[in-house]
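Here's the structure, in structure tokens; my notes come after.
Chain IDs A, B and C follow the sequence of writing; residue 1 opens each chain.
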Amino acid sequence: MKKNWTKFLVVALSVMMVFAMTACGGGSSDGGDDAAEGGAGVLHLGGTGPLTGPAALYGNAVKNGAELAVNEINAANPDGLQLSWDMQDDEHDAEKAVNAYNKLVDDGMQVLIGSVTTAPCTAVAAEAYANRTFVLTPSASGPAVTDGNDNVFQLCFSDPNQGIASAEYIKNNYADKTVGVIYNNADNYSSGIFDKFKSEYESDGKQLAAVEAFSDDANADFTAQLNSMKNAGVDLIFLPIYYTPASNIMTQAAKMGYAPTYFGVDGMDGILDLEGFDTNLAEGVLLLTPFTPYSEDAKVQEFVKAYEDAYGETPIQFAADAYDCVYTIYDAFQKTGLGADASMDEICEALIGVFTGGDFTSSGLTAESMSWNAAGEVDKTPKVCVIEDGKYVEK
Amino acid sequence: MAERLFKNIGSRGLKGAVKGSEYRKEAFISYGILLIGYILLQLGAMTGLIGRNLQGQFVPICVYVSLAISLNLVVGISGELSLGHAGFMAVGAFTGILVAKILERSMSINPLILIIAIIAAALTASIAGFIIGIPILGLRGDYLAIVTLAFGEIVRNFMNVLYFGFDSNGKLRFAFNHTIEGVDTSDRIITGAIGATGVTKMASFTAAALLTAFTLFVVLNLKNSKQGRAIMSIRDNRIAGESIGLEVRKYKLMAFVVSAALAGMAGCMFGLNYSTLAPVKFNFNTSVLILVFVVLGGIGNIWGGMIAAALLTVLPEALRQFADYRMLTYAIVLIVVMICTYNPTIKARVGLFVDKFKPKKKKSGKGKTGKEAA
Amino acid sequence: MNFLNSLISGLSLGSVYAIIALGYTMVYGISKMLNFAHGDVIMVGGYVSFILTMYVGMNGWLALLVAMVACTILGILIERLAYRPLRGTGSLAVLITAIGVSYFLQNSALLIWGANPRVFNSLFNGMKTIHAAGGQLTITPESLFTIIANIVIMIALTLFVSKTKAGKAMRAVSEDNGAAQLMGINVNQSISLTFAIGSGLAAVAGVLMCSAYPVLMPTTGAMPGIKAFTAAVFGGIGSIPGAMIGGLLLGIIEIFARAYISTELSDAIVFACLIIVLLVKPTGLLGKKINEKV
């Protein structure tokens, strides 16, 4: 039995050590926490997203974008309503996301901005629905996120809408092209868009010439998929995927000497700022996106500059969505007439009232006058951009 | 090779089975931990001492504890390295969700649905265990490990292309691609990589704790039965086992199938605890995580695995204060704890320290067992 | 033509797996442990080479050399700090520690280099793709060099293990640790050397892999690591030619499954082939038969 005891002791000791360390660690140093308790008090915003693991870039973009907005709001009006922002890691996992959400509730969060990715957000949404937390997600675009949850709203286009919009655009503008799709069959977002794209595109007798899939591994060999596209005579490939695997596909296609037109969705944004990527390869890529860091818009320019100064990298769309989320919540909260000391469920009901009231609109980096329907979907017009000379040009 | 794998660490189980008193002691400690843990956590939750964060982990803790117990049956008691436990969990979880979704259309008693779903999950997972268990019989050590790893990946890959839905007559249909014949896209209940959504949360702490108790009951009883002793003697010396006429294949398969069924049940409980479940959850990392519980708790030591599972499930949450350094800290804790528990020098020092506080007992001749000499 | 194109991609992918699998197989041969952190050493090699070429402006080939040195040191450090304290305690304990090391490397990379992916500049950027058969057949310099590198490494390693003193010592240790020690072989040194060679090769694999499939992230090494482990077992773990054959076969099966059967189920097909092979040959293609002693 000696060995058992030894083992138990060591495990217990190390865990106790960790607990002791966490207890000493004290409060988090997130923006706004130590802001002066102005007359209007502090509204606690929380978020969950992948800060570690393969999807970490999306979570970190949201973390930074929201932090920027919170700092701006707090600095602009130190005597008014102040915001605090606490982002917890969910590792792009539903179970961890629920844990992170519970932790935020324990810590006094009043409004949730998140989760960043769809599957975790779906799980959190159900918890938040039962627990009455208002949820505005910057980027979880799957339909299951809002389905049946009156408290959950999306700031991004939903996946089905993106799929339908892409299919319509391609049918209307590239009727003579042979269309193929490469999508990620292990990814919620990609499968969701592809699903609707296919049914919409094939709704009036047209056929997709080739459909190929890959699994989550972004660094795969795509020659088999590309050969299949090439052999089917595909000259327009729809890529409902994120920019990381897309850059890989474009590089490999170029090496094969295959140069189709690419059509991407909002996940494609970021491809031009991918360090080390030969942007010539992305020349002529079409994408449906609400945000580009190259926009002439003064607000966007200001945001991009502030973001680059603070974090040393160009913001992707997720950061802009999160930035808009914070401003939207801030504006909507002012409309409720509640004080910052209101409880989570009071705020939830009041915000639902504002969002579905019919006259609430919010303007930000990703769109002018966004409004929401009762189902929680945002109404904003997707912009189709084309990449020319290493820049996005609106079509 | 298998012998090497379990050098010095798999000896306790055998003694536990041979001596009735050891078995009773192990059962006593295991059930005790479960009962005390359950009572303490329930009390903490009722008095509000335990926050939402920890309360939300009650069910996953029970699930992981169950998984650690069931994997211990294969790794510790049967002596085979399995890297695909999450695959059985996946089979059970998706079966359970499917059954629950079907039953929900005609029944409204959730606990009853839960029980039926868990039974169904145990059935499908044991079938999966049987199918994959057959090739296992001819394999040893790491070759067996890779087959279980392959199995886990195959299951996950299939889940990514598997679609279930109800057609207009309420009949269940399935397909291996996006369009299921006769089923409207909105009537699909399991959709490939997106997995299951809109799952009714039926799991509860009490139900999960009862499942853990059941798992414990099955594994401990099996361990102390005639079959269990046969399984362990095969682990310790296959040739000796064969020479006295034990049907090695039958016993290995039995341990494997039982373990798979129990993993399926735990998976079902897990699946019915969240509103959504995607196949990506059941990847290689999850299989490895369960293995970590078993090894950290002491291979073959049932209650050690239980404690390790509970602590390691809570640990990443407790580390949230470290913010960006959280997972790094987790990795370091894991390495340090492994070295401290298994390194002979450190073990000896800590052991001396512990002995000072323990009533002197007869030294048991541990460490060297028959297989050392083989 | 499609067949030949697929064959070339398969050989190229398989060569990457084979070089990674070598690290697994050698380490397994000598210390009977599954070094699951091996895949992440590849990622580190990729990052070191990327940083040197992008920020320091170093020549790609020179950067490869530095990355090899860095990974060699890293490999030795990992063995010294994390694995050696557990030697002789059974391979499961070391396996879990290896997983801890893998988490450690991934999360360190995340903290040091950030979550944003990088696109690796191919080592062969100046070279032209060969188009044959009227443009139907394409051979990229990446494929060509990966395949050549694989063959060269394999020959060099086989010669090293069979002809040199250090190589013979390694073989002796993997055959019988205790007896080797009695014969005056420094076991610790042999094991360190094995880790050094395996990790150095991992850096080569990292650079070759990222040249062909250019995305570099903290988790880049994870999946190839698992695939290469599979390849090593496929060929018979512990055997150097086995790792090569296993890696090549795995790459070819993977690409052909994608090209001719289904891109959605290619991984399942690869793993199913593996199970079938192990059913027929329970110790892999070139694995040694386990002799049982009573």
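One rule holds in what follows: a contact is a pair of C-beta atoms (placed from the backbone, for glycine too) under 8 Å apart; a residue touches a chain by one contact, two chains touch by 3 or more.
Note that the structure is predicted; figures quoted are calculated from it, not measured.
Using CA-based centroids throughout, the chain positioned farthest away from chain C is A. Two chain pairs, A-C and A-B, are compared here, and A-B has more C-beta pairs in contact (counted per touch definition above).
Rounded to a whole number, the gap between the C-alpha centres of chain A and chain B is 34 angstrom.
The geometric centre of chain A is 35 Å away from that of chain C, both derived from CA atoms.
Each of the following residues of chain B touches two or more other chains: 157, 160-161, 296, 324, 327, 341. Within chain C, contacts with two or more other chains are made by residues 107, 110, 264, 267.
With touch defined as above, residues shared between interfaces to two or more other chains in chain A number as follows: 51-52, 185, 215. Note for the complex: chain B touches chain A at residues 12, 51-53, 55-57, 60, 157, 160-161, 178-179, 185, 191-195, 197-198, 201, 270, 274-281, 296-298, 301, 304, 307-308, 311, 315-324, 326-327, 329, 333, 336-337, 340-341, 347, 350-351, 353-355, 358, 361, 364, 366.
Of all residues in chain C, only 2, 5-6, 9, 12-13, 50, 54, 107, 110, 114-121, 129, 131, 135, 138, 140, 142, 209-210, 212-220, 223-224, 254-255, 258-259, 263-264, 266-267 touch chain A in the complex they form.
Residues of chain A that touch chain C in their complex: 51-54, 56-57, 59-60, 185, 212-215, 217-221, 223-225, 227-228, 231, 244-245, 247-248, 251-252, 255-257, 274-278, 313. Taken in their complex, chain B has these residues touching chain C: 1, 4-9, 75, 81, 135, 138-140, 142-143, 145-147, 149-151, 153-154, 157-158, 160-161, 238-240, 284, 288, 291-292, 295-296, 299, 324-325, 327-328, 330-332, 334-335, 338-339, 341-346, 374.
Chain C makes touch with chain B in their complex at residues 28, 32, 34, 36, 82, 85-86, 88-93, 95-97, 99-101, 103-104, 107-108, 110-111, 226, 229-230, 233, 237, 264-265, 267-268, 271-272, 274-275, 278-279, 282-284, 287, 290, 292-294.
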